[in-house]
Every structure is written in C-alpha cells, then in structure tokens.
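Labels for the chains are A, B, C, D and E, by order of writing; each one numbers its residues from 1.
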Amino acid sequence: MKQLSQRLFGPLTLTAMGVNLVLGLWIVPPDKVQGELARLVYIHPSVAWVALYVSFGTAAISSALYLWKRTRSVVMDRVAHCAMEVSVVFIALTLITGSIWGRPAWGVWWVWDARLTSSAILGVLALGYLALRRANDDPQLRARRSAVFGVLIAINVPIIHFSVQWWKTLHQGATVFTSNRTLLIHGIQAWTLLISFIAFTMLFFWILRYRYRLEVLRENIAGASLEEALSARRREGAQS
Amino acid sequence: MIRTALLVCAKDLRIEMRSRVLLWQVLPFGVMALLLCGIALGPARAGNSSAGPGLFYLVTLLVALLMINRSQSVEKTPGTKASVATLGLDPAGVFLGKSLALASELWVTGVILLAGSVLVLHTSLHGAILALPSVIVTLAALAVAGTLYGALTSGGDGAATLLPVLALPAFAPLLIAGERSFSAALHHGGIWRWWLILSVALVVYSAIGILLYGVLEES
Amino acid sequence: MTNAVTPTVDLRSAVVLSGGFPLLSGVDLQLLPGSLTVITGVNGAGKTSLLRLLAGLVALSDGNGTVAGIDLKNGDLRELRRRVGWLGHEGSFYDDLTVRENLTFAAKALDRPLIEIERALQRVGLSNRIDTVTKKLSAGQRRRLALSWLLIRRPEIWLLDEPYASLDDEARTFFDALIADVVRSGATVVLSAHDKLRSEALQPRTIVLGGGRIVSES
Amino acid sequence: MIRTALLVCAKDLRIEMRSRVLLWQVLPFGVMALLLCGIALGPARAGNSSAGPGLFYLVTLLVALLMINRSQSVEKTPGTKASVATLGLDPAGVFLGKSLALASELWVTGVILLAGSVLVLHTSLHGAILALPSVIVTLAALAVAGTLYGALTSGGDGAATLLPVLALPAFAPLLIAGERSFSAALHHGGIWRWWLILSVALVVYSAIGILLYGVLEES
Amino acid sequence: MTNAVTPTVDLRSAVVLSGGFPLLSGVDLQLLPGSLTVITGVNGAGKTSLLRLLAGLVALSDGNGTVAGIDLKNGDLRELRRRVGWLGHEGSFYDDLTVRENLTFAAKALDRPLIEIERALQRVGLSNRIDTVTKKLSAGQRRRLALSWLLIRRPEIWLLDEPYASLDDEARTFFDALIADVVRSGATVVLSAHDKLRSEALQPRTIVLGGGRIVSES
C-alpha cells in the first residue's frame, strides 16, 4: 500500500502540474484588467505559498523533532536540510515570478512592500541556514545548531510577516480572499487556483523526496569511503 | 540558574571593564556611524528628523553586532571552552548571564547614541525621553536574541562573518518594531502596542534561550 | 561481568570521525577506578583524540562507550564534563582575567570556599602571580594554573594531555606526587606522554596507540 | 616587490576560496544590509532613487569592513606572525598583494551589490553602468586604504572593534567622493572630476602603503 | 676584543619590559658561531622572552645588544628576522592552507626550488600529511611542519623554544641529529629546555635563567 502510494506520487504530481498549466495558460480566459499577464496568478501565489509556509514549515517541524530528545534522529536533520535547500529554490522562483509580474504591473522590479521585503528576508535566512551548515563540519554539532536555527526561523516567519506589515504596506493584498474569508473569484478561475496550490505543494514534496534520497546516497558513499579511511588509518599504526 | 547568571554576568562585565573596548572602541564607532549615515543620506534628508529613529536603530544594530561578537569571542578560545565546560555551569544560567551583561552594555551605548541622535539628527529631546522605555526593552530583546545567535555562530569557520548574516534578518523585526515605537513616541502616538510586541519578543527569545542554549553549547 | 568493580571507562570499538577522517579507528579500553594509565604513541597516533573523547569534548561516531557510567552516545555529555578534569595543550581560562579572578569564577561556579584558591596556588607555586593577568603568564605558569584548578576540583577522572610539557623540574616533582596521591584516593587518571614517567612510585599501565587504535599494551 | 605581491595575493585568494566566506557569508550580508537600509528609511524614502548611491556605498563600506577584518585575521595568530616575519617578505609587496586580493573580492561584491541596488533601490541601470568605472576605482582605493588600516589595528586588544573606529572617518571622504560620482553618473553629470579625485586618493594611499607598511609590520 | 671571531649574539645588560614588568632584567650573553646553547630555568624565568628578544620579536628596552651584527636598538629588525629561524610554542603558518600550500608559499617567498618541500617533509616524517589542512594536524605534527620549514630555510641562527615538547621519540632522535649537523656547519643554535639533552654527541653550553637574568652557567 505504502509502496503503491509512493510509486504513484510522482505521476500524480506531474499530472497535477500539467492540469494546472493547461488550465492556467489556455483554458481560463484572460483577465479583464491585466490581460494575459494575470495567468501568473496560477504560478506565483502557489510558488510563494510553498516557499514561505510549506518548506519552512517542513524544515521547522523536523528541526523541532530533532531537538526533542525522543525523536532525535539523523532523518530529521536530513529532512530539515533538504527542505531548506528546496526552499531556497522556491523563494528564488517567488522573487523571479513576482518581479516579472511587477515590472509590467507596477512599472518597477521591486517596491518596498511588506510581502516583497519579507520574502527577501526569508530568502536570506534560508541561505543563512545553509551557510551555518557549511560552517560546522562535525555532523552532530551541525545538526544541533541548524536545528536550533531552524526553529528560530520558524518563529521569524510570522514575526517578519507582521513586522513588515506594521512597518508599511502598499502591496497587492488579499486578492483571492477578503479578510472575512469570502471568495472573490469564481468558477474555473477559483478551481484552477486551488489546483495550482495543490500541484505546487505536491511538487515540493516530490522534489524533497528526491533530494532526500540523494542525501542518503551521498552519505552511503561517504560510509563506503569510511571503511576505506578506517583501514588506511589503521595501516598508519602498523607501519611504525 | 540565577546564581550562575549573576556569576557569568559579573565575569563578562569585569572582562569588559578591564579591556575597555566599549568605552574606547564601540562608542566612538557608534557615534562615527551615526555621522556617516547622515553623510550617506545627504544633508537634506538627514536633517529631516523623521529619519532619526530608523538611523538610530540601524546604528544600534551595528554596534550590537560588534558587541555580540566580542561577548562570544571571550568564550571561544579552545582551551577556555574545554575547561569552562568541565565546570558544568547551568546553560540556562550562562545564557541569562551573558544576555544580562550584553544588555547592560547595550543600554549604556543606547542612551549615549540617543543623546547623539538628538544632537546630530535633530530628533526632539522630548520624544527621545518618551522613547527611552521602548528603547530599553528593544535593546534587552536584542541582547537576548544576540546571545542566542552568538552561540549559534561561534567557533565555526569565519564565525565573525556568519553572525551578521544570520542575525540581521532575525533582528530586522526588532529593529522595525523599535523604530515604530520610537516614531510613535516622537509623534505622541500610542506606544503601548509596540511596547507589548517588543516585550513578547523579549519573553519568547528568553524562553527559547533558556530551553535551547544547552543544546548549542553541547560540544 | 565477572568483575565486581564496574570500570570507569569502557570503550568498545570506539570510532571518532572528523570531516570523514577517523581520528580513532576502533578503540577497546577498560579502565578501573584507582588506575593510572599512560597513553603513548607516535605523533598523530590519536592520543589527544582519545582523551577528548573520554572528556566528552568530541562525539563518538561509531562503536560504544561509557565513561563514569555515562553513555557517550546518548548520555548527558554535560554531566560527564562536569565529572572529569581536563588539562589540554592549549591555555585554559579567560585570558583577560587575573589568576585570582579566574579561579574565583571557577570556585564560585562549583560552590567551593574561596580560601582553597590560595591554598592551591601555594601548592603549585603560583602565589607570586596571583594578580597577574592570565595572558601574561609564561607557558609553564599557565600549566600550573590549570593544575591548581584541578586541585580545587578534585574530579573523579583526570584526563591530562602531555601534562609534563613546559613544566620545570620542581613542578614535575610536585605533579608526580599529586598523581600518586590522586590515584591512591581512587580516582582514575589517564595521561598522554612521550617521556617515561619519572617517579618510581607510579606503576602505570602503558598503552601504545598507533593509527587511531591500540597497537600494544604493557 | 611585484613577485611578492602576486604571491601574497594568490595566497589570500586561495584561503578565501577554501573557506568560501565571501560567497556564503559576505554576499548575503551585503544583500541583507541593503534591505535593512531600505527598511530603516521606510518605503517612501528608500523607493526614492536618489538615495541609491549613498546606500550602495554605505553597504559596501560595511561589507568592506568585514572583509578587511578577515584579511587581517588570517595573519594575526601569534605563531603565524612570527614565522611569516622570518620569511623577510618585502613589506611593500605584502601590502600590494593584500590590497589586490581585497580589491578583487570587493569588486565581485561591488558588482553584485550594484545589481542589487538596481533591482531593489531603483537605481537606473544605465546610470549604474556609467558609474561602474568610478565604483571600481573607489573600491580599489577602499581596498588599499583598508589594508593599511587593517595592519594598523591588527593584533592589539579587540582589534575587530578598533578597526571600524579608525577606518570610518578615513573612509568617509572616499565614500562621499564615490557617492558624488555615482550621483553624477546617474544625472549624466561630469564624473571625470570625481574620477580624478578618487584616482589621486588611490595613488596616495598606495604610495603611503608602499612606503610605510613595513613600519606597521615591524613588531 | 681579544677574540678573533665576532660573536653572533652579544647582549650587554639587556632589559626587556612589558607593561612596566621586566621580562628580562639585565642579561649579558655572548655566543659564537657554531655554538649550541641550552637555556633552562624555572617557569617564568624568562627563557621565552630571551629567545624572542634574539629573534627580533620584542624590542630591547634598555642595555645594548647585537645579533648577527644587527643592533637590536637601532638596527633593521626585519633583516634580523630574515636571518633567524624561529620555533615557538604556538603553531606556525596559515591554518587554512594545507601543509603543501604553506611550504610552497614559504619556498616561493625565499626563492627555493619546490622539490625541497617534499624532501624536507620526508625527513621530518610528514609526507603522509602533505595535503592535510594545517589546523587539523596534531601537536607533534605541527612541530614537525615547523621543523621542515627550518630545514628548507637553513638560517644562520636557530632559536628554538622548547623544541622537544610534543615530539615523539623518532622525531626527537631526528631533531638531535639535525642540531648536531647544523652546529657543525657553523650556525648558532639556542634552545630552551626543561629536560637534559638526550644525545651524547651534543656538548651544549647550559645557561640557567632566573628572575629575568642569568643565575648560573656551565
């Protein structure tokens, strides 16, 4: 059962992405105000959602699980690491799609806006996480430190989100939902949007799984060379 | 925990007193940076008093980074680390003690920079006095978060450069909240909301530090 | 276990890695309370690494080990560190504090009476430098300071990395007497050395390391 | 002198390559500082493109301070200092080599930050390209002066904090000239005058370094 | 001067102060080329300080002195440093470079052929660590690296601060042979030590320091 669902995950993700693209790029009619440009709405918000919440959430939860003594395991450390790496990619995509959208929509690549600024800050934080990993080469110390940082980042996500809003806001806010959660867009547009969120979330986990496997492979290779290193080291003693 | 905190705090402050880095280096740096910010913005904008709070916090942040770095470098030498580790100090106490020492130093610096920004950036004196409580809370939160991030980045390769990378984004919200409350004080707005937010940040960071500092120090 | 006394140190094919390189490549070692062990071996054999492992300063990568009843893999390393005394190659303590301030900090952290500080400094012969800033001390004086600090703590496990280095004759004689005394009182002492121990009274077990593991023993 | 310079420069760059501090730490720091400056100023002012050059140089200066610090800390450990001293390297060569290495790193950082300020601070792309030559000269001057000041402050107590105190006032004129020439480029004004001033500064600092670096290193 | 050979080291009531404290309190010392001198004395006697003075690493505060014909007060200390070989307590070289890169840097700075690097490493027994980053080396391996470096340079004056510390037996034997060889070739060697020199072949002059000056001599 588990096997099957795992095997189906990839094709399902691809299908969802395909449906999303077909619907978003061809089926849905162009927007009244923004025209063809509005099709970015089926990519950009969902990419951003993954970048900010799904990936950081995954990393934060696995970091917290690592810190909790009873669930401490190398798996959690790996998941956190891989999620954060994928997150960097998604944040970059958010910034790129957003800027592409912003150039025609606002006339500039960048504005000093709450969303934009906080996305950029989170991008730097994710890079910081990776830099922190690089700076420590003892695996356990690295795991502990990055787990603490992973948790700290998680707290930062809402703080940054709100702080930047307190600071100033000017951006495109609730276009899809109003503050009282009533849907503003309807029909096929709403469905396509929903599908895009699901599709990108699935895409994230799909990539994460492959990234994780890659990590395990890399560690296995390291383990194999470990045997070699051990016997080389032992020979050193025999020589003298 | 409290005893350890006081012990560690006293030790850090004594080292500071002996080396006088705060007096002779950090403070001049702060004043200098304040002037430079003025220059970078050009006279028209810098004279504009509304930039005051932002610049004040920007400079304070830079000063804080220097001080966090120093607070950690004291513990960093390999020999010291090992022998202090065998003391088995309560990590929560160490965390609080180092935070407290850092906070005291930041308060001193903050008050002087506040005076500086009244003089250099034409911030109103009355507003600065009103902002003082919020500045104190902000700096305390900065000290607590700084100790945490300092421990996170200490020791590794190029620790001195890693700290700002990790800390700047994390401290940005504190900076913003501090700046807002300062501006609110200048315009006689309600500063209680900011006060509250900052206090929550202070408590949250302290709690995390008390819980997790031990994990960071472990090895 | 047939032995009635539980060993203080018990390593089973202990491996320690650093950046993929095995500092220790499989060490089996049992030490009983009240024993004195000297680790020797060529440069780079792994002596310092072994001592650091026992002190809880580096993590065990593979194999098993307990020190003072604390598991090196899942146990509380902080508790372990609290129970060992460590003397390393490098200077100890805060460089910017004086000898007295450093020891006061340590004594307070451990709830020891301050009077012991002066007594310990007297014994190691450092009383005349009590108010000197630690970074100005000579190499041997730093070693003496570290020793005085162990005197105050009297830990159950003493881990000493090349303790004779930089010590003059007087200090070495004192050190030998101290170790004899400590071992008699039931503590476990492990030290690394390139020289023979000088005191005839000490009858150490000698372990020779090579390539990160034990190659011979006597 | 030239051989020594190349040798030292290659050594510094190799150390940099190995630790990758520039890529992983200094650059993110720079980007973050750019964002923070924007935040500190508030959207209205930061969006205003005329603040671009000033902020660009402010951030570059902060980045440069980090990099100078690192460039010196490599030489600082007591053992290294003594044994390198016995190599009898030509101090003028050491000075030029370290400056060159620092300049290369600053150039990389500068170009990226320039791109960042086009994106983030709405500096005009055309203006930024026009400003590039002056940026290069300014950064070279900064590197040369920074090496000089780095050597001046290295080793002593709390060197990391002493450097900014001494260097900030010295770098302020460079910063101002750089900012002016950048602004001139943006407004299609004559940048030659600033170019000339900056080149003179570069030459003067280089000359001082070549003559006096030996004195600084002696002990 | 009645002596035909000019001494390499000539100190006349040399005083070195550090923050008001006299590290050396009046040292008179003449050493001839081709001589081997061992400095001993209790911890804090001033051995390290004396060696640092001779290497041009600290300034002479009072008295007079020349080393290798260079006046310690007004002479060119950089030129002096270029002519001495120094081995200190602390590690040498850039921690982030590998053994090979460090030695290559040094060899290029001195215009020596790179082939000598491998030869020197072979002699000190460090060839198997040629591509290891220096900061990962063990204490003794760092010492060996510093020695290999002196081998490449072959300076006229060797100043060695506790050279035996951390070296294993093999390295000590090598070191003794090296020193005998160096002295025979006419260089001046000064080293500090707490142990007796082991090699019978070496006939050093021994100077005992105490309180910053020479208290006896043999």
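By definition in this document, a contact is a pair of C-beta atoms (placed from the backbone, for glycine too) under 8 Å apart; a residue touches a chain by one contact, two chains touch by 3 or more.
Everything quoted here is computed from the prediction, not taken from an experiment.
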Co-neighbours of chain C and chain B - touch as defined: A
Path length in the contact graph (chain D to chain E, fewest steps): 1
Most remote chain, CA-based centroid, reference being chain E: A
Two chains sharing the most contacts, counting C-beta pairs only: B-D
Chain of greatest Cα-centre distance to chain D: C
Euclidean distance of C-alpha centroids - chain A vs chain D, Å: 35
Separation of chain A from chain E, taking each centre as the mean of its C-alpha atoms, in whole Å: 57
Distance from chain D to chain B - Cα centre to Cα centre, in angstrom: 26
Distance from chain C to chain A - Cα centre to Cα centre, in angstrom: 47
Multi-chain contact sites of chain B, meaning residues that touch two or more partners: 19, 157-158, 162, 165, 168-169, 172, 176, 179, 218-219
Residues of chain E whose C-beta touches two or more other chains: 89, 170
Set of chain A residues in contact with two or more other chains: 121, 124, 127-128, 131, 134-135, 138, 140-141, 164, 167, 236, 240
All pairs of touching chains, each written as two labels joined by a dash: A-B, A-C, A-D, B-C, B-D, C-E, D-E
Residue numbers on chain B that touch chain A, as the complex places them: 148-149, 152-153, 155-159, 162, 165-166, 168-170, 172-173, 176-177, 179-180, 201, 204, 208, 212, 215-216, 218-219
In the complex, chain C residues that touch chain B: 55-59, 77-79, 81-82, 84-86, 88-97, 101, 105-106, 108-110, 133, 146, 149, 153, 155
Touching residues on chain A, where the partner in the complex is chain B: 67, 121-122, 124-125, 127-128, 131-132, 134-136, 138, 140-141, 144-145, 147-149, 151-152, 155-156, 159-160, 162-164, 166-167
Touch list for chain A against partner chain D, complex: 99, 108-113, 117, 120-121, 124, 127-128, 130-131, 134-135, 164, 167-168, 170
Complex interface listing, chain C residues touching chain A: 15, 17-22, 25-26, 41-42, 44-45, 58-59, 61, 209-213, 215
